[in-house]
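The following pair of complexes shares a single chain, subunit A, combined with subunit B in the former and subunit C in the latter.
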Partner chain A sequence: MATEEGLCVTSSLTNLGDIAEYVAGRASAAGLDEERTFEVQMAVDEACTNSIQHAYRGHNTGELRVCCFREGDDFVVEITDFGAPFDPQSIPAPDVTGPLEERSIGGLGVYLMRQLMDSVQFRADPQSGNVVVMRKSTRISAT
Partner chain B sequence: MQITTTHLKRCSLIRLEGRFDSNTSPDLQQAIRQVLDAGVFRIVLDMQGVEFFGSAAIRVLVMTYKECRRWNRGDVRLCQVPERIVRVLDLAGISPLVQMFPDCTLAVGSF
Partner chain C sequence: MNRPGNDHPLAVLPLAGRLDASDTADLDRRLREEYEAGAVVLTVDMADVTYVSSSILRILLLAHRRQEQRAGALRLLNVSPRILRILTMCGFDRVLDVTPAPGTGRAP
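Presenting the complex of A and B:
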(Lines of atoms letter the chains of each structure in order from A and count residues from 1; the text may use other names and numbers.)
(Lines give C-alpha, C1' and ligand atoms only; values in the text may rest on other atoms or scores of the structure.)
Protein backbone atom coordinates (compact mmCIF):
# COMPACT_ATOMS: atom_id res chain seq x y z
CA MET A 1 0.00 0.00 0.00
CA ALA A 2 1.48 3.28 -1.01
CA THR A 3 0.89 6.59 0.64
CA GLU A 4 1.93 9.50 -1.45
CA GLU A 5 2.96 13.03 -0.65
CA GLY A 6 4.87 15.53 -2.68
CA LEU A 7 6.92 18.68 -2.73
CA CYS A 8 6.70 21.08 -5.63
CA VAL A 9 9.37 23.75 -6.06
CA THR A 10 10.86 25.91 -8.79
CA SER A 11 13.96 24.70 -10.63
CA SER A 12 16.42 26.74 -8.61
CA LEU A 13 19.58 25.33 -7.06
CA THR A 14 18.72 27.35 -3.94
CA ASN A 15 15.86 24.89 -3.32
CA LEU A 16 18.22 21.90 -2.97
CA GLY A 17 18.47 22.41 0.80
CA ASP A 18 14.67 22.36 1.23
CA ILE A 19 14.37 19.30 -1.00
CA ALA A 20 17.03 17.47 1.05
CA GLU A 21 15.24 18.33 4.27
CA TYR A 22 11.88 17.17 2.93
CA VAL A 23 13.30 13.88 1.64
CA ALA A 24 15.18 13.23 4.89
CA GLY A 25 11.96 13.66 6.87
CA ARG A 26 10.03 11.29 4.61
CA ALA A 27 12.84 8.73 4.52
CA SER A 28 13.25 8.49 8.26
CA ALA A 29 9.44 8.37 8.69
CA ALA A 30 9.48 5.40 6.28
CA GLY A 31 11.94 3.61 8.55
CA LEU A 32 15.29 4.25 6.88
CA ASP A 33 18.16 4.62 9.32
CA GLU A 34 20.35 7.72 9.38
CA GLU A 35 22.99 6.36 7.02
CA ARG A 36 20.53 5.20 4.39
CA THR A 37 18.55 8.42 4.72
CA PHE A 38 21.76 10.32 3.96
CA GLU A 39 22.37 8.16 0.89
CA VAL A 40 18.85 8.87 -0.39
CA GLN A 41 19.39 12.59 0.21
CA MET A 42 22.61 12.49 -1.81
CA ALA A 43 20.97 10.65 -4.71
CA VAL A 44 17.98 13.02 -4.75
CA ASP A 45 20.31 16.02 -4.70
CA GLU A 46 22.18 14.70 -7.74
CA ALA A 47 18.93 13.93 -9.60
CA CYS A 48 17.48 17.39 -8.91
CA THR A 49 20.76 19.03 -9.91
CA ASN A 50 20.58 17.17 -13.24
CA SER A 51 17.00 18.36 -13.79
CA ILE A 52 17.91 21.97 -13.07
CA GLN A 53 21.21 22.06 -14.95
CA HIS A 54 20.43 19.77 -17.91
CA ALA A 55 16.64 19.60 -18.42
CA TYR A 56 16.01 23.25 -17.52
CA ARG A 57 19.53 24.36 -18.55
CA GLY A 58 19.87 26.45 -15.41
CA HIS A 59 16.58 28.35 -15.81
CA ASN A 60 15.05 28.74 -12.37
CA THR A 61 11.40 29.11 -13.36
CA GLY A 62 10.68 25.46 -14.21
CA GLU A 63 8.71 23.08 -12.06
CA LEU A 64 10.33 20.34 -10.06
CA ARG A 65 8.22 17.76 -8.23
CA VAL A 66 9.59 15.42 -5.62
CA CYS A 67 7.32 12.64 -4.43
CA CYS A 68 8.20 10.15 -1.70
CA PHE A 69 6.24 7.06 -0.78
CA ARG A 70 6.63 3.58 0.55
CA GLU A 71 5.90 0.60 -1.66
CA GLY A 72 6.27 -2.76 0.02
CA ASP A 73 9.70 -2.77 1.60
CA ASP A 74 10.93 0.03 -0.63
CA PHE A 75 11.18 3.73 0.02
CA VAL A 76 10.52 5.30 -3.38
CA VAL A 77 11.40 8.79 -4.59
CA GLU A 78 9.96 10.09 -7.85
CA ILE A 79 11.40 13.27 -9.30
CA THR A 80 9.62 14.93 -12.20
CA ASP A 81 10.61 17.89 -14.35
CA PHE A 82 9.14 19.33 -17.55
CA GLY A 83 12.35 20.53 -19.13
CA ALA A 84 14.13 19.24 -22.23
CA PRO A 85 14.16 15.44 -22.47
CA PHE A 86 17.22 14.24 -20.67
CA ASP A 87 18.81 10.92 -21.54
CA PRO A 88 21.12 9.77 -18.77
CA GLN A 89 22.30 6.92 -21.00
CA SER A 90 24.02 9.60 -23.09
CA ILE A 91 26.27 10.44 -20.17
CA PRO A 92 29.44 8.38 -20.21
CA ALA A 93 30.30 6.54 -17.01
CA PRO A 94 32.96 8.41 -15.06
CA ASP A 95 36.43 7.02 -14.54
CA VAL A 96 36.69 6.32 -10.81
CA THR A 97 39.90 4.30 -10.84
CA GLY A 98 42.52 6.13 -12.89
CA PRO A 99 44.92 8.84 -11.69
CA LEU A 100 42.94 11.97 -10.75
CA GLU A 101 45.02 14.05 -13.13
CA GLU A 102 43.62 12.10 -16.08
CA ARG A 103 40.00 11.87 -15.03
CA SER A 104 37.25 13.70 -16.83
CA ILE A 105 35.00 15.76 -14.64
CA GLY A 106 31.47 14.73 -15.72
CA GLY A 107 29.09 11.84 -15.22
CA LEU A 108 29.64 11.56 -11.50
CA GLY A 109 26.10 12.56 -10.47
CA VAL A 110 24.29 9.73 -12.27
CA TYR A 111 27.02 7.30 -11.22
CA LEU A 112 26.58 8.25 -7.54
CA MET A 113 22.78 7.93 -7.84
CA ARG A 114 23.16 4.36 -9.10
CA GLN A 115 25.68 3.51 -6.38
CA LEU A 116 23.67 5.01 -3.53
CA MET A 117 20.23 3.62 -4.44
CA ASP A 118 19.04 0.04 -4.98
CA SER A 119 17.49 0.97 -8.32
CA VAL A 120 17.33 4.06 -10.53
CA GLN A 121 15.01 4.30 -13.54
CA PHE A 122 14.57 7.13 -16.01
CA ARG A 123 11.74 7.80 -18.39
CA ALA A 124 10.98 10.79 -20.56
CA ASP A 125 7.83 11.62 -22.46
CA PRO A 126 6.40 14.92 -23.66
CA GLN A 127 3.23 14.61 -21.55
CA SER A 128 4.51 13.51 -18.18
CA GLY A 129 7.99 15.07 -18.40
CA ASN A 130 11.28 13.54 -17.29
CA VAL A 131 10.74 11.17 -14.41
CA VAL A 132 13.42 9.59 -12.26
CA VAL A 133 12.26 6.78 -9.99
CA MET A 134 14.70 5.69 -7.31
CA ARG A 135 14.23 2.94 -4.76
CA LYS A 136 15.93 2.08 -1.51
CA SER A 137 15.00 -0.92 0.56
CA THR A 138 13.95 -0.15 4.13
CA ARG A 139 15.34 -3.52 5.19
CA ILE A 140 18.77 -3.17 6.73
CA SER A 141 19.98 -6.49 5.32
CA ALA A 142 19.52 -5.33 1.72
CA THR A 143 22.49 -3.20 0.79
CA MET B 1 27.40 26.68 4.65
CA GLN B 2 30.52 28.41 5.94
CA ILE B 3 34.11 28.52 4.70
CA THR B 4 36.91 29.89 6.86
CA THR B 5 40.44 30.23 5.50
CA THR B 6 43.45 30.51 7.80
CA HIS B 7 46.91 31.11 6.34
CA LEU B 8 49.59 29.19 8.23
CA LYS B 9 53.32 29.00 7.74
CA ARG B 10 53.31 25.65 5.99
CA CYS B 11 49.97 25.76 4.25
CA SER B 12 46.48 27.23 4.17
CA LEU B 13 43.84 25.60 6.34
CA ILE B 14 40.30 25.87 5.02
CA ARG B 15 37.54 24.91 7.42
CA LEU B 16 34.31 23.76 5.78
CA GLU B 17 30.95 23.63 7.51
CA GLY B 18 27.47 22.72 6.33
CA ARG B 19 26.12 21.61 2.97
CA PHE B 20 28.23 21.58 -0.17
CA ASP B 21 25.79 20.87 -2.99
CA SER B 22 25.66 22.25 -6.52
CA ASN B 23 24.21 25.48 -5.13
CA THR B 24 26.98 26.16 -2.60
CA SER B 25 29.99 24.47 -4.24
CA PRO B 26 30.76 27.51 -6.44
CA ASP B 27 31.50 29.39 -3.17
CA LEU B 28 33.92 26.62 -2.22
CA GLN B 29 35.55 26.88 -5.64
CA GLN B 30 35.90 30.64 -5.22
CA ALA B 31 37.43 30.35 -1.73
CA ILE B 32 39.97 27.81 -2.98
CA ARG B 33 40.65 29.88 -6.10
CA GLN B 34 41.63 32.83 -3.90
CA VAL B 35 44.16 30.66 -2.07
CA LEU B 36 45.59 29.28 -5.33
CA ASP B 37 45.74 32.77 -6.87
CA ALA B 38 47.78 33.88 -3.85
CA GLY B 39 50.35 31.28 -4.87
CA VAL B 40 49.58 28.82 -2.07
CA PHE B 41 49.42 25.23 -3.30
CA ARG B 42 49.57 23.41 0.01
CA ILE B 43 46.02 23.21 1.27
CA VAL B 44 44.35 21.35 4.12
CA LEU B 45 40.57 21.06 4.07
CA ASP B 46 39.11 20.56 7.54
CA MET B 47 35.94 18.58 6.83
CA GLN B 48 34.70 18.07 10.39
CA GLY B 49 31.61 20.23 10.01
CA VAL B 50 30.65 19.02 6.54
CA GLU B 51 27.10 17.69 6.44
CA PHE B 52 26.83 17.09 2.73
CA PHE B 53 29.37 16.80 -0.09
CA GLY B 54 27.83 16.20 -3.51
CA SER B 55 29.30 15.62 -6.96
CA ALA B 56 29.73 19.38 -7.52
CA ALA B 57 31.90 19.59 -4.39
CA ILE B 58 33.81 16.47 -5.46
CA ARG B 59 34.56 18.16 -8.78
CA VAL B 60 35.95 21.17 -6.89
CA LEU B 61 38.12 18.80 -4.84
CA VAL B 62 39.42 17.11 -8.00
CA MET B 63 40.15 20.51 -9.57
CA THR B 64 42.01 21.55 -6.41
CA TYR B 65 43.99 18.30 -6.38
CA LYS B 66 45.07 18.79 -9.99
CA GLU B 67 45.99 22.46 -9.51
CA CYS B 68 47.92 21.91 -6.30
CA ARG B 69 49.93 18.94 -7.56
CA ARG B 70 50.86 20.43 -10.92
CA TRP B 71 54.65 20.60 -11.30
CA ASN B 72 54.91 18.96 -7.90
CA ARG B 73 54.29 22.30 -6.23
CA GLY B 74 51.94 21.12 -3.50
CA ASP B 75 48.99 18.99 -2.50
CA VAL B 76 45.50 19.12 -1.01
CA ARG B 77 44.97 17.02 2.10
CA LEU B 78 41.87 16.39 4.16
CA CYS B 79 41.34 16.08 7.89
CA GLN B 80 38.52 15.09 10.23
CA VAL B 81 36.42 13.69 7.40
CA PRO B 82 33.06 12.37 8.69
CA GLU B 83 32.54 8.66 8.03
CA ARG B 84 29.59 9.18 5.67
CA ILE B 85 31.60 11.66 3.59
CA VAL B 86 34.49 9.17 3.42
CA ARG B 87 32.02 6.70 1.95
CA VAL B 88 31.01 9.20 -0.74
CA LEU B 89 34.67 9.82 -1.56
CA ASP B 90 35.16 6.03 -1.67
CA LEU B 91 32.34 5.70 -4.22
CA ALA B 92 33.84 8.46 -6.34
CA GLY B 93 37.23 6.73 -6.23
CA ILE B 94 38.87 9.70 -4.49
CA SER B 95 39.83 8.08 -1.18
CA PRO B 96 42.89 6.13 -2.33
CA LEU B 97 44.42 9.26 -3.89
CA VAL B 98 43.83 12.04 -1.40
CA GLN B 99 45.58 11.85 1.96
CA MET B 100 43.26 12.01 4.96
CA PHE B 101 44.25 12.68 8.56
CA PRO B 102 42.33 12.25 11.81
CA ASP B 103 43.14 15.77 13.01
CA CYS B 104 44.26 19.16 11.70
CA THR B 105 47.64 19.17 13.45
CA LEU B 106 48.71 15.97 11.70
CA ALA B 107 47.45 17.22 8.34
CA VAL B 108 49.20 20.59 8.63
CA GLY B 109 52.34 18.89 9.99
CA SER B 110 52.43 16.53 7.01
CA PHE B 111 53.59 19.40 4.79
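Presenting the complex of A and C:
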Protein backbone atom coordinates (compact mmCIF):
# COMPACT_ATOMS: atom_id res chain seq x y z
CA MET A 1 0.00 0.00 0.00
CA ALA A 2 1.42 3.36 -0.99
CA THR A 3 0.82 6.19 1.47
CA GLU A 4 2.25 9.63 2.11
CA GLU A 5 4.71 7.89 4.39
CA GLY A 6 5.82 5.38 1.80
CA LEU A 7 5.21 1.87 0.62
CA CYS A 8 4.40 -0.92 3.07
CA VAL A 9 4.51 -4.50 1.79
CA THR A 10 4.96 -8.02 3.13
CA SER A 11 8.42 -9.55 3.12
CA SER A 12 7.89 -11.55 -0.04
CA LEU A 13 10.41 -11.58 -2.88
CA THR A 14 7.46 -11.28 -5.24
CA ASN A 15 6.98 -7.70 -3.98
CA LEU A 16 10.41 -6.60 -5.24
CA GLY A 17 8.93 -5.55 -8.59
CA ASP A 18 6.33 -3.30 -6.94
CA ILE A 19 9.00 -1.78 -4.69
CA ALA A 20 11.20 -1.04 -7.72
CA GLU A 21 8.31 0.62 -9.52
CA TYR A 22 7.42 2.73 -6.51
CA VAL A 23 11.01 3.89 -5.93
CA ALA A 24 11.56 4.66 -9.62
CA GLY A 25 8.46 6.89 -9.62
CA ARG A 26 9.59 8.77 -6.54
CA ALA A 27 13.21 9.14 -7.68
CA SER A 28 12.15 10.41 -11.07
CA ALA A 29 9.71 12.88 -9.48
CA ALA A 30 12.54 14.10 -7.24
CA GLY A 31 14.54 15.08 -10.33
CA LEU A 32 16.92 12.16 -10.77
CA ASP A 33 17.67 11.29 -14.38
CA GLU A 34 17.02 7.84 -15.82
CA GLU A 35 20.45 6.42 -15.04
CA ARG A 36 20.54 7.66 -11.46
CA THR A 37 16.96 6.48 -10.95
CA PHE A 38 18.11 3.02 -12.10
CA GLU A 39 20.99 3.14 -9.60
CA VAL A 40 18.66 4.01 -6.71
CA GLN A 41 16.22 1.32 -7.80
CA MET A 42 18.95 -1.32 -7.83
CA ALA A 43 20.34 -0.29 -4.43
CA VAL A 44 16.83 -0.50 -2.93
CA ASP A 45 16.26 -3.89 -4.56
CA GLU A 46 19.48 -5.21 -2.99
CA ALA A 47 18.61 -3.76 0.44
CA CYS A 48 15.08 -5.22 0.41
CA THR A 49 16.39 -8.60 -0.77
CA ASN A 50 18.77 -8.60 2.22
CA SER A 51 15.90 -7.77 4.59
CA ILE A 52 13.75 -10.60 3.25
CA GLN A 53 16.50 -13.21 3.04
CA HIS A 54 18.52 -12.35 6.14
CA ALA A 55 16.36 -10.42 8.63
CA TYR A 56 13.17 -12.38 7.85
CA ARG A 57 15.09 -15.49 6.75
CA GLY A 58 12.82 -15.95 3.77
CA HIS A 59 9.54 -15.77 5.73
CA ASN A 60 7.04 -13.81 3.67
CA THR A 61 4.75 -12.57 6.45
CA GLY A 62 7.01 -9.82 7.81
CA GLU A 63 6.61 -6.11 7.18
CA LEU A 64 8.83 -4.09 4.91
CA ARG A 65 8.55 -0.31 4.71
CA VAL A 66 10.11 1.79 1.99
CA CYS A 67 10.05 5.54 2.44
CA CYS A 68 11.34 8.09 -0.09
CA PHE A 69 11.79 11.80 0.51
CA ARG A 70 13.84 14.86 -0.41
CA GLU A 71 16.20 16.28 2.17
CA GLY A 72 18.03 19.32 0.89
CA ASP A 73 19.71 18.24 -2.35
CA ASP A 74 19.46 14.57 -1.43
CA PHE A 75 16.95 11.99 -2.48
CA VAL A 76 16.68 9.73 0.57
CA VAL A 77 15.34 6.19 0.80
CA GLU A 78 14.68 4.64 4.19
CA ILE A 79 13.99 0.90 4.35
CA THR A 80 12.72 -0.63 7.57
CA ASP A 81 12.14 -4.25 8.54
CA PHE A 82 11.23 -5.85 11.87
CA GLY A 83 13.04 -9.14 11.39
CA ALA A 84 16.00 -10.48 13.32
CA PRO A 85 18.60 -7.80 14.01
CA PHE A 86 20.89 -7.90 11.02
CA ASP A 87 24.08 -5.99 10.47
CA PRO A 88 25.00 -6.07 6.78
CA GLN A 89 28.34 -4.54 7.70
CA SER A 90 29.21 -7.89 9.29
CA ILE A 91 29.24 -9.44 5.81
CA PRO A 92 32.77 -9.31 4.43
CA ALA A 93 33.09 -7.20 1.30
CA PRO A 94 33.54 -9.34 -1.78
CA ASP A 95 36.90 -9.37 -3.50
CA VAL A 96 35.80 -8.10 -6.90
CA THR A 97 39.34 -8.10 -8.25
CA GLY A 98 40.50 -11.60 -7.36
CA PRO A 99 40.25 -14.69 -9.51
CA LEU A 100 36.81 -16.28 -9.60
CA GLU A 101 37.81 -19.37 -7.67
CA GLU A 102 39.08 -17.30 -4.76
CA ARG A 103 36.23 -14.85 -4.72
CA SER A 104 33.47 -14.81 -2.16
CA ILE A 105 30.15 -14.26 -3.83
CA GLY A 106 28.42 -13.23 -0.63
CA GLY A 107 28.15 -9.59 0.32
CA LEU A 108 27.74 -8.47 -3.26
CA GLY A 109 24.43 -6.74 -2.53
CA VAL A 110 25.89 -4.45 0.15
CA TYR A 111 28.91 -3.78 -2.06
CA LEU A 112 26.61 -2.70 -4.91
CA MET A 113 24.50 -0.52 -2.59
CA ARG A 114 27.66 1.37 -1.59
CA GLN A 115 28.81 1.69 -5.20
CA LEU A 116 25.45 2.93 -6.47
CA MET A 117 24.52 5.39 -3.71
CA ASP A 118 26.33 8.41 -2.28
CA SER A 119 25.85 7.17 1.27
CA VAL A 120 24.51 4.02 2.95
CA GLN A 121 23.87 3.76 6.68
CA PHE A 122 22.60 0.84 8.75
CA ARG A 123 20.90 0.93 12.12
CA ALA A 124 19.59 -2.08 14.05
CA ASP A 125 17.32 -1.49 17.02
CA PRO A 126 14.99 -3.96 18.81
CA GLN A 127 12.23 -1.29 18.95
CA SER A 128 12.47 0.43 15.60
CA GLY A 129 13.77 -2.54 13.59
CA ASN A 130 16.55 -2.70 11.02
CA VAL A 131 16.80 0.55 9.15
CA VAL A 132 18.83 1.26 6.03
CA VAL A 133 19.15 4.89 5.01
CA MET A 134 20.55 5.59 1.55
CA ARG A 135 21.17 8.94 -0.09
CA LYS A 136 21.71 10.10 -3.64
CA SER A 137 22.35 13.70 -4.56
CA THR A 138 19.89 15.21 -7.04
CA ARG A 139 22.34 17.97 -7.97
CA ILE A 140 24.19 16.31 -10.84
CA SER A 141 21.03 15.71 -12.81
CA ALA A 142 19.19 18.84 -11.64
CA THR A 143 18.77 21.46 -14.35
CA MET B 1 28.77 -35.50 -12.98
CA ASN B 2 26.91 -35.86 -16.25
CA ARG B 3 28.91 -36.37 -19.39
CA PRO B 4 28.19 -33.88 -22.14
CA GLY B 5 26.04 -35.39 -24.87
CA ASN B 6 27.46 -35.05 -28.38
CA ASP B 7 24.06 -34.10 -29.68
CA HIS B 8 23.75 -31.05 -27.45
CA PRO B 9 27.13 -29.38 -26.98
CA LEU B 10 25.83 -25.85 -27.56
CA ALA B 11 22.70 -24.38 -26.08
CA VAL B 12 21.08 -20.97 -26.07
CA LEU B 13 18.83 -19.87 -23.26
CA PRO B 14 16.92 -16.65 -23.90
CA LEU B 15 15.93 -14.60 -20.86
CA ALA B 16 13.64 -11.60 -20.67
CA GLY B 17 12.39 -8.84 -18.42
CA ARG B 18 13.32 -7.76 -14.95
CA LEU B 19 15.18 -10.50 -13.08
CA ASP B 20 15.39 -10.12 -9.31
CA ALA B 21 15.76 -12.45 -6.32
CA SER B 22 12.26 -13.84 -6.89
CA ASP B 23 13.49 -15.30 -10.19
CA THR B 24 16.57 -17.14 -8.91
CA ALA B 25 14.94 -20.56 -8.38
CA ASP B 26 13.43 -20.58 -11.85
CA LEU B 27 16.65 -19.39 -13.51
CA ASP B 28 18.71 -21.94 -11.58
CA ARG B 29 16.35 -24.71 -12.70
CA ARG B 30 16.52 -23.65 -16.36
CA LEU B 31 20.33 -23.44 -16.33
CA ARG B 32 20.59 -26.86 -14.66
CA GLU B 33 18.22 -28.34 -17.23
CA GLU B 34 20.52 -27.16 -20.04
CA TYR B 35 23.51 -28.62 -18.18
CA GLU B 36 21.77 -31.93 -17.63
CA ALA B 37 20.73 -32.00 -21.30
CA GLY B 38 24.44 -31.95 -22.10
CA ALA B 39 25.23 -28.32 -22.92
CA VAL B 40 28.97 -27.62 -22.89
CA VAL B 41 28.95 -24.00 -23.97
CA LEU B 42 25.78 -22.45 -22.63
CA THR B 43 24.87 -19.07 -24.11
CA VAL B 44 22.42 -16.89 -22.24
CA ASP B 45 20.77 -14.38 -24.55
CA MET B 46 20.22 -11.22 -22.52
CA ALA B 47 18.75 -9.11 -25.36
CA ASP B 48 15.39 -8.66 -23.63
CA VAL B 49 16.68 -8.45 -20.06
CA THR B 50 16.17 -5.04 -18.46
CA TYR B 51 17.57 -5.70 -14.98
CA VAL B 52 19.55 -8.28 -13.01
CA SER B 53 20.12 -8.17 -9.27
CA SER B 54 23.16 -9.61 -7.49
CA SER B 55 21.25 -12.82 -6.66
CA ILE B 56 20.83 -13.42 -10.41
CA LEU B 57 24.53 -12.71 -10.99
CA ARG B 58 25.32 -15.28 -8.34
CA ILE B 59 23.23 -17.92 -10.14
CA LEU B 60 24.97 -17.09 -13.45
CA LEU B 61 28.36 -17.40 -11.76
CA LEU B 62 27.46 -20.80 -10.26
CA ALA B 63 26.28 -21.95 -13.69
CA HIS B 64 29.58 -20.82 -15.21
CA ARG B 65 31.49 -22.85 -12.62
CA ARG B 66 29.30 -25.87 -13.38
CA GLN B 67 29.93 -25.55 -17.13
CA GLU B 68 33.66 -25.19 -16.48
CA GLN B 69 33.63 -28.58 -14.74
CA ARG B 70 33.02 -30.13 -18.14
CA ALA B 71 35.47 -27.82 -19.90
CA GLY B 72 32.64 -25.60 -21.06
CA ALA B 73 31.56 -22.07 -20.27
CA LEU B 74 28.64 -19.78 -19.72
CA ARG B 75 28.43 -16.93 -22.21
CA LEU B 76 26.31 -13.82 -21.90
CA LEU B 77 25.12 -12.45 -25.24
CA ASN B 78 23.47 -9.11 -26.14
CA VAL B 79 24.17 -7.52 -22.76
CA SER B 80 22.77 -3.99 -22.44
CA PRO B 81 25.16 -1.17 -21.46
CA ARG B 82 23.39 -0.80 -18.11
CA ILE B 83 23.77 -4.47 -17.19
CA LEU B 84 27.33 -4.48 -18.54
CA ARG B 85 28.12 -1.68 -16.12
CA ILE B 86 26.83 -3.74 -13.18
CA LEU B 87 28.81 -6.79 -14.35
CA THR B 88 31.93 -4.62 -14.60
CA MET B 89 31.31 -3.09 -11.17
CA CYS B 90 31.28 -6.62 -9.71
CA GLY B 91 34.30 -7.77 -11.73
CA PHE B 92 32.18 -10.39 -13.51
CA ASP B 93 33.20 -9.08 -16.94
CA ARG B 94 36.66 -10.56 -16.33
CA VAL B 95 35.21 -13.96 -15.44
CA LEU B 96 32.31 -14.46 -17.82
CA ASP B 97 32.43 -14.23 -21.59
CA VAL B 98 30.31 -11.12 -22.14
CA THR B 99 29.22 -9.80 -25.54
CA PRO B 100 27.51 -6.38 -25.48
CA ALA B 101 24.34 -5.78 -27.45
CA PRO B 102 25.16 -4.66 -31.02
CA GLY B 103 24.90 -0.99 -31.79
CA THR B 104 25.15 0.14 -28.19
CA GLY B 105 28.03 2.07 -26.72
CA ARG B 106 29.06 2.07 -23.11
CA ALA B 107 27.14 5.26 -22.38
CA PRO B 108 23.42 4.85 -21.62
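One rule holds in what follows: the second predicted complex is superposed on the first by the 135 of 143 C-alpha atoms of A that agree within 3 Å, B and C clash if a C-alpha of one lies under 4 Å from a C-alpha of the other, contacts with A are read in each partner's own complex, and residues count from 1 in each chain.
Here is the rule we go by: a contact is a pair of C-beta atoms (placed from the backbone, for glycine too) under 8 Å apart; a residue touches a chain by one contact, two chains touch by 3 or more.
Not measured: the values here are computed from a predicted model.
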Room on subunit A for both subunit B and subunit C (clash or fit): clash
Touched partner set for A:Leu16, first subunit B, second subunit C, both or neither: both
Partner chain(s) touched by A:Asp45 [first = subunit B, second = subunit C, both, neither]: both
First, second, both or neither for A:Leu108, with subunit B first and subunit C second: both
Contacts of A:Leu32 with subunit B and subunit C, given as first, second, both or neither: neither
First, second, both or neither for A:Gln53, with subunit B first and subunit C second: both
Residues of subunit A at both interfaces, subunit B in one complex, subunit C in the other: 13-14, 16-17, 20, 35, 38, 41-42, 45-46, 49, 52-53, 94, 96-97, 100, 103, 105, 108-109, 111-112, 115
Of subunit C, residues touching subunit A in the complex: 18, 20-22, 51, 53-55, 57-58, 61, 64-65, 82, 86, 89-91, 95, 108
Complex interface listing, subunit A residues touching subunit C: 12-14, 16-17, 20, 34-35, 38, 41-42, 45-46, 49, 52-53, 94, 96-97, 100, 103, 105, 108-109, 111-112, 115
In the complex with subunit B, residue positions of subunit A that touch it: 13-14, 16-17, 20, 35, 38, 41-42, 45-46, 49, 52-53, 94-97, 99-101, 103, 105, 108-109, 111-112, 115-116
Residue ranges of subunit B in contact with subunit A within the complex: 19, 21-23, 52, 54-56, 58-59, 62-63, 65-66, 69, 84, 88, 91-94, 97-98
